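Which chain is which? They are A, B, C and D, in the order written, and residues in each are numbered from 1.
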Amino acid sequence: MTTTAADTTPRPPAGRAGYMPGEPGMWFFIIGDLFIFAVYFVAYMIYRGQQPELFLHSQQFLSPGIGVINTLILLTSSWCLALGTEAARKGNSAAAFRLLAATFAIGALFPLLKMVEWVPKLAAGHSPGENLFFMYYYVMTGLHLCHVLLGLVIIGFMLRHLRHRASPDIKFIEAGAVYWHMVDLLWLVLFALFYLMR
Amino acid sequence: MNIATAALAGTLADSGRPWYKSPKLDQYICFWSVPVFYNLFGLVFVPLSWMMPPRSPTNSIDGVVAFMQSPNLLLATTILILCVALSAVGNAVYMSQMRRMAVSPVLRYAFVVGAITGAIVGCLFPMFCFGLGAFREGYDPEVLQLLYDFGYMSFIGCLGCFFLNWSCLGLSILLDEKQTLPRWLGYYTIWQSVTEIFAMTLWVSDSGPFAWDGVMTFWFNMLLYVPWQFIVYFCIYRAIRQQPESELDNAPYVGGAARA
Amino acid sequence: MTEYLRNPLTGVWFALTAITIFSWWIGQGQGSAYQLDAAITVSVLVMAALKAVLVIAWFMEVRLGPAWLKRTTYGWASGLLVLLLLFYWLRV
Amino acid sequence: MNTRGQMIMLWTAPLAGALFLLAYLLFPAFSPPMAPSMSPEEVAAFFNENLAAMRGVVVLANLLGCLLVPLFAVIVVQMLRVINSSPVFAYAYLLCVGIGITAFILADFAWGVALYRPDRDPQLISLLNDMAWFFFIAPAGVLVVQNLCLAGAIYLDARPEPVFPRWVAHFNVVTAALFVPAAFSIMHKSGPLAWNGALSFDLRLLTFTVYVAVMFWVLLKVVNRQVEGEGVAA
């Protein structure tokens, strides 16, 4: 993913005001992605306002229990990843590897639970074609799921990187971490919009 | 990086030489065919056929019949027949940049397939659906509506080929350690390919934001796509200009001779 | 292990978890009756924005980042919250 | 490396030519070409009368469409030997070949589907027939760009001893121009520009025949020259 040679990258000092984790190109991606999703969220709100009864009625068929568990899953895996990034920065590769492995293991539960959530809904006839709410629900959570899967792949590469490199490229670890936190962040908004609000 | 020196070398080499003597003339010819193509393409799909902006899938049957028999559709189809192959030239411009990148040729090979299929199902066939309606009077309204649906759905819902193409292009840009094209463009290209996926909803949605004329399926994509198309060609133009002449395939033949 | 527990990131994680469970509890407030409810919506969206800011600041480490990055990302969270609430009210 | 593969691919062209001639002579829709002014009922009646012959040619043409690909593939290989600053013309040419062949095959399929249930509503048979003619015309437009790409590559060949002689480029430009009128045939129902007219049908098919024959002969010489020039084994 990144071309910066690890050995020449200076480790950020302890007080790191003005420091940007990851590479600038990654931030371009993160910020752009956030804005694209923001446009979709606002569009959702506008269409919801046009037929609130339909949206509220359809919302009843979601499973807020699975939603909240998935939120906690993402938050916890993000936490592990943040700790892992710090450990890697301190040069403690072994601890970083363990924490990233935990991130991966916890994060991998998300797609599984998503299937547990989706399959019975589809079986009960709540397909994307049913109405606008379900279309939004499947499209947005599906798009987010793609981000989660990509994130898991990236974390896999980070794990491999940590295992094979004596001094890991911290910029790469940071960039992957920022991406995963963004996935977490987007889910927080999705959760509020689809499961919680009235 | 060596971009500055390359730009300098490019400028020096270009100076004092008429444009038609440039060793990169083949690339420039193909590059400048792109604005020609997009102008014709715009002409065909907007003022001639008024197919774009997309008409509603909930259009009344009379509206469909009136549109499908509008006279300029045949002129639009004719122009498209003549210029559809220019899309191949434009895609070849991408491919020759992808060839310069330090990536596996597999990305280019996949791109070839996407470019060929996309030109037929995402460009020529949809226009033919409308042209066929205009070609002969007296077809049943149901037949015309079938053509109308088929035309719009294959034009706007043709996402697989373009998803493949832009993913291959974006991935090439991101994996390329030489940074032939800037990395941010790679990320932008990936968004472009991901938003193509949104078009899949039109296959199950007959009205509202996810239909083929919907905000989510069409307009947001346009918002991202139109600037992207301009920016990507601008970046490619810069990449062609900045390519050092010593790197060109014809360098051993023209490089020395032209300067001597 | 205790070293992780003393890490400020753990405090952030705890806060995020608490807010999540709290907002879920609020969301369940009406039981099975799903009606328009501005109080629930506003509190849930505000909490989501708050969580977003926590994630941005601590996990993504923007709190240490350059000023433009802070402006952009915090601006994103607050701007999104304002627009969502605006369109919730406007019902255009 | 040797040129045996290229030679084999090249020599499929005469076979393709012979089969094309056979198909052309046997295809009732082509001799004489169906008039675009025929009403749906006339089209359906025509199809019903010529069912066996047309079906036979449709089956044959399914194969035929792809039989010319080897010739074009040899052209791409030789275009990649031409030295420009990049292979951009060769890439464009390759993509054009794919687009043109796909359109040709879709034309064949439209006719095939129309013939499959000849008792279908005449409107639908006529629609499929129109669609087949549209797709049959499309490769003419593709060939215009395709030939110009080849011409461009030849004009800009930087080799001291060019791969293709220069007149081949002129020849491609001229043939490209001769294909242009065919594209206008969907705007006319009668006259020389209609799809059965002198410019759209006879001129176009004649040009294409001459083009393939000349290019075959040119490529034979080009590949042989590659053998001599680069010392590759024949």
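Simple rule for what comes next: contacts are C-beta pairs under 8 Å (C-beta built on N, C-alpha and C of every residue); 3 or more make two chains touch, one makes a residue touch a chain.
Remember, predicted model here, so these are calculated numbers, not experimental data.
Visitor: Please state, in steps, how far chain D lies from chain A along the shortest route of touching chains.
Guide: Steps on the shortest route: 2.
Visitor: Could you pull out the chain whose C-alpha mean position is farthest off from that of chain C?
Guide: Result for the farthest chain: D.
Visitor: Report which of A-C and A-B is connected by more C-beta pairs in contact.
Guide: Of A-C and A-B, it is A-C that has more C-beta pairs in contact.
Visitor: I'd like the Å distance between the centres of chain C and chain D, where a centre is the mean of that chain's Cα atoms.
Guide: 62
Visitor: Taking each chain's centre as its mean C-alpha position, how far apart are chain A and chain C in Å?
Guide: 15
Visitor: Quick one: report the Å distance separating chain B from chain C, using the average Cα coordinate of each chain.
Guide: 40
Visitor: Take the average of all CA coordinates in chain A, do the same for chain B, and state the distance between these two points in whole angstrom.
Guide: Result: the chain centres lie 31 Å from each other.
Visitor: Where in chain A do residues touch at least two different other chains?
Guide: Nothing qualifies.
Visitor: Could you tell me which residues belong to chain B and also touch two or more other chains?
Guide: none
Visitor: When you check chain C against every other chain, which residues touch at least two of them?
Guide: none
Visitor: Have a look at which chains touch which and call the overall pattern line, ring, star, complete or other.
Guide: line
Visitor: Can you list every touching chain pair?
Guide: Every touching chain pair, ordered by label, is A-B, A-C, B-D.
Visitor: Can you check the complex and tell me which residues of chain B touch chain A?
Guide: So the residues of chain B touching chain A come out as 174, 177, 183-184, 186-188, 190-191, 194-195, 197-198, 201, 204-205, 208-210, 215-216, 220, 223-224.
Visitor: Over in the complex, which chain A residues touch chain B? Could you list them?
Guide: 1, 3, 23, 25, 28-29, 32-33, 36, 39-40, 43, 47, 127-129, 132, 135, 139, 143, 146
Visitor: Chain C touches which residues of chain A in the complex?
Guide: Per the stated touch rule, the residues are 16-21, 27, 30-31, 34-35, 38, 41-42, 45-46, 48-50, 52, 56-57, 59-60, 64, 67-68, 71-72, 75-76, 78-79, 81-83, 86, 177-178, 181-182, 184-185, 188-189, 191-193, 195-198.
Visitor: For a test of understanding, state which residues of chain B touch chain D in their complex under the given definition.
Guide: Interface residues on chain B, with respect to chain D: 23-27, 29-30, 74-75, 77-78, 81-86, 88-89, 91-93, 95-96, 99-100, 112, 115-117, 119-120, 124-125, 128, 131-132, 135-136, 138-140, 143, 248-250, 253-254.
Visitor: Residue numbers of chain C touching chain A in their complex, please.
Guide: Per the touch definition, chain C meets chain A at residues 4, 7, 9-10, 12-13, 16-17, 20-21, 23-24, 26-28, 30, 32, 34-37, 40-41, 44-45, 47-48, 51-52, 55-56, 58-61, 64-66, 69, 72-73, 76, 79-80, 83-84, 87-88, 90-92.
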